[in-house]
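Chains here go by letter, A, B and C, matching the order in which they are written, and residues are numbered from 1 within each.
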Amino acid sequence: MDWETLRFSFLNYESIAEVYPLLLRGFWMTIKLCLLVGPLGFIAGMVLATIFSFHIRWLNWVLIAYVDFFRSIPPLVLLIYINYGLPMFGLDVPAFVAVLIAFTLNSSSYYGEIVRAGIESIQAGQMEAARSTGLNRTQAMIYVVLPQALRNVAPDLISNTLELIKATSIASVVALPELLRMARVSQELVFNATPLLVAAAIYLVMLWPIVRLLSRLERRMMSSH
Amino acid sequence: MDAFAAQFLDLEVMQRYLPDIIDGLWVTIALALLVIVTGLVLGLALAVIRAFQIRVINLAIVGFVDVFRALPPLVILVIFYFALPIIGLTWSGFVCAWVALSLVLASFAEEIYWAGITSVHKGQWEASRSTGLSFVETLFYVVLPQAVRLTIPPLTNRTIAITKNTALASVIAVQEMLTVAQTSLAYAANTSPLTMAAIGYLLIFLPLVILSRWIERKFAWKH
Amino acid sequence: MSNGNVVEVVDLHKSFGDLEVLKGVNVTVAPQELVFVIGPSGSGKSTMLRCCNLLEQPTSGSVLIHGQDITVAGVDINRIRTHIGMVFQSFNLYPHMTAIGNVALALRKVKKMQRGEAEDRAHQALRRVGLDEKALSHPNELSGGQQQRVAIARAIAMEPDVILFDEPTSALDPELVGSVLAVMHSLRDDGMTMVVVSHEMRFAQDAADRVLFMDEGEIVERGTPDEIFKNTQHARTREFLARVTDH
């Protein structure tokens, strides 16, 4: 193993020049995926948590079953199940849609758990005060309880979003042309590992600030105990 | 409904592939256990080393931990599998997955342990040191027992989430449960093997998820 | 060279960054003496106390325990600290251990006692502060006053030569202060050497051998309780005493 081999394999700028349009396409697909799946999962999670806060017993058991089910299944298994299962069943869904469904199911259960914990951290007096001024339950939830709840669990929400963004790389397995997929396609075109490292560098640049922020928030959260 | 059952719950297909799936299940469990033990121990070791506050070493730890928290596990796995042979490391897919996922878990665990250690009040250090216990004794007898308590709920959740990533090893040809299920699915032209795998994952992870709920309640209530 | 003093603080200076907290402090504490330190907050009295067992590293000057300078390099500070007990304002009991566990930890790990021996000694110490029946309680099951008495038991179990008290009653509800002061009083009667930083002037009047008044990093005035409280020499001392006895 000599320097030339290493350079060819890991720092091959010639091949970056060759494949950067592919990587760029992959990058935009990853961004698009995150911008769709993030809000979808988050909103679904808030709906789940709000329903949970109504304390309807049987409904809460259904929600817990939903949440625990999707927290127990690896997202990749879910994705493959949807991507290969539905077509065999006669429903032809494009990979992109399969990815959207899988990630919304998965992330809504995580977001739902987090928002539920947030709502439970708010004292009942808040809801009562809001109701006493004539707001209905949903209004009190939206204007009074949720804003405080979300602030209380902000670190968990950010952390879950980070995990979600990272998880979108799984879509490469069902050939969705996102960043990791395009990096692997490029790797096969140029016969070296540089595109993979470039993709990793892109993830790093994109996500490292979030990681730093989280470290601070998490430490502050735990210290307040 | 019959069409659905035939496609997803074909008992005859299931019976045929059950032994293979069970083989895969054992690989998944073995990989999961190895990752949990290696990751949690390495994470704790890093947090303990960090407590000594040696500047250069701490920078290295923080750098390592940040990278493995920022990169998607699948990216790490693929790089390990495809790039390491170039520098002469020819690990099997299983070893790649074990090392990669352990490093990821170690990174998250280190951050959580460290947050726990720093959250223990300064007065605890002082009280212990004032009775003559050394730095290391204080760390192990006074600070860590309190820190670990605080860290158990987040650590449990994180460990489950990362251990679920053993399914990613299917991408690098490890014969774990998802790989076996996908192969069987291709042979049988039927989704039932995948259903079995999904049930397998539920068998492993559902009890853990329920356990984590219980832990969260128990520890929240203690405060 | 030790002149028989338990503690000797010589020309002690301490700065935090640009802030000079101690500007040359000299204190001696003779065996069985109770030295009481008063002064406004920020006067440096707690810092002085914490320098005596090196929880704070002095910027310059020295601290002698039985004539041995503990600020020089190569001193086994962990061994020295077993001779200097400390009681903190916020108790600092270990929340994951029972009362007896708190008291026994250093006996086992530093004095290397067997479990049984350490627990016997810990029970003795708890009995000494009147809390043996709470031996198996965790700190969160005890009142503030009880927690502080356990903390005192933790200190006396090591059989130290001197105990440093850093505002031991400041974090307590008024009705719990008495029980802690009573324990301190009985320790004094048994001849324990003590340095107490506190605002409990009545206790100082009753129990102290000497009172030091500190302000802005210096000892402004020192003397017997009667000299300090009834025959005050310095205007700063008078001002301070007027302020704290007002209410």
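Observations, loosely collected:
As a convention for this text, a residue touches a chain if its C-beta (ideal position, glycine included) is under 8 Å from a C-beta of that chain, and two chains touch if they have at least 3 such contacts.
None of these values were measured; they are calculated from a predicted model.
Located most centrally within the structure is B, per distance between chain CA means and the overall CA mean. With respect to subunit A, maximal separation of chain centres occurs for C (centres as means of Cα atoms). Annotation: 47 Å between the Cα-based centres of subunit B and subunit C.
Centre-to-centre, using mean CA coordinates, subunit A is 18 Å away from subunit B.
Note on chain placement: the centre of subunit A and the centre of subunit C lie 54 Å apart, centres being C-alpha means. Residues of subunit A touching subunit B in their complex: 1, 5-6, 9-10, 68-69, 71-78, 80-81, 84-85, 88-90, 162-163, 166-170, 172-173, 180, 184, 187, 193, 196-197, 199-200, 203-204, 207-208, 210-212, 215, 218-219, 221-223, 225.
Taken in their complex, subunit C has these residues touching subunit B: 53, 55, 78-82, 84-86, 88, 90-96, 105-106, 109-110, 151, 154-155, 158. Of all the residues in subunit B, the ones that touch subunit C in their complex are 121, 123-124, 126-134, 137, 141-142, 145-146, 149.
The residues of subunit B lying in touch with subunit A in their complex are 3-4, 7-8, 66-67, 69-76, 78-79, 82-83, 86-88, 111-112, 114-116, 118-119, 150-151, 160-161, 164-168, 170-171, 178, 182, 185, 189-191, 194-195, 197-198, 201-202, 204-206, 208-210, 213, 223.
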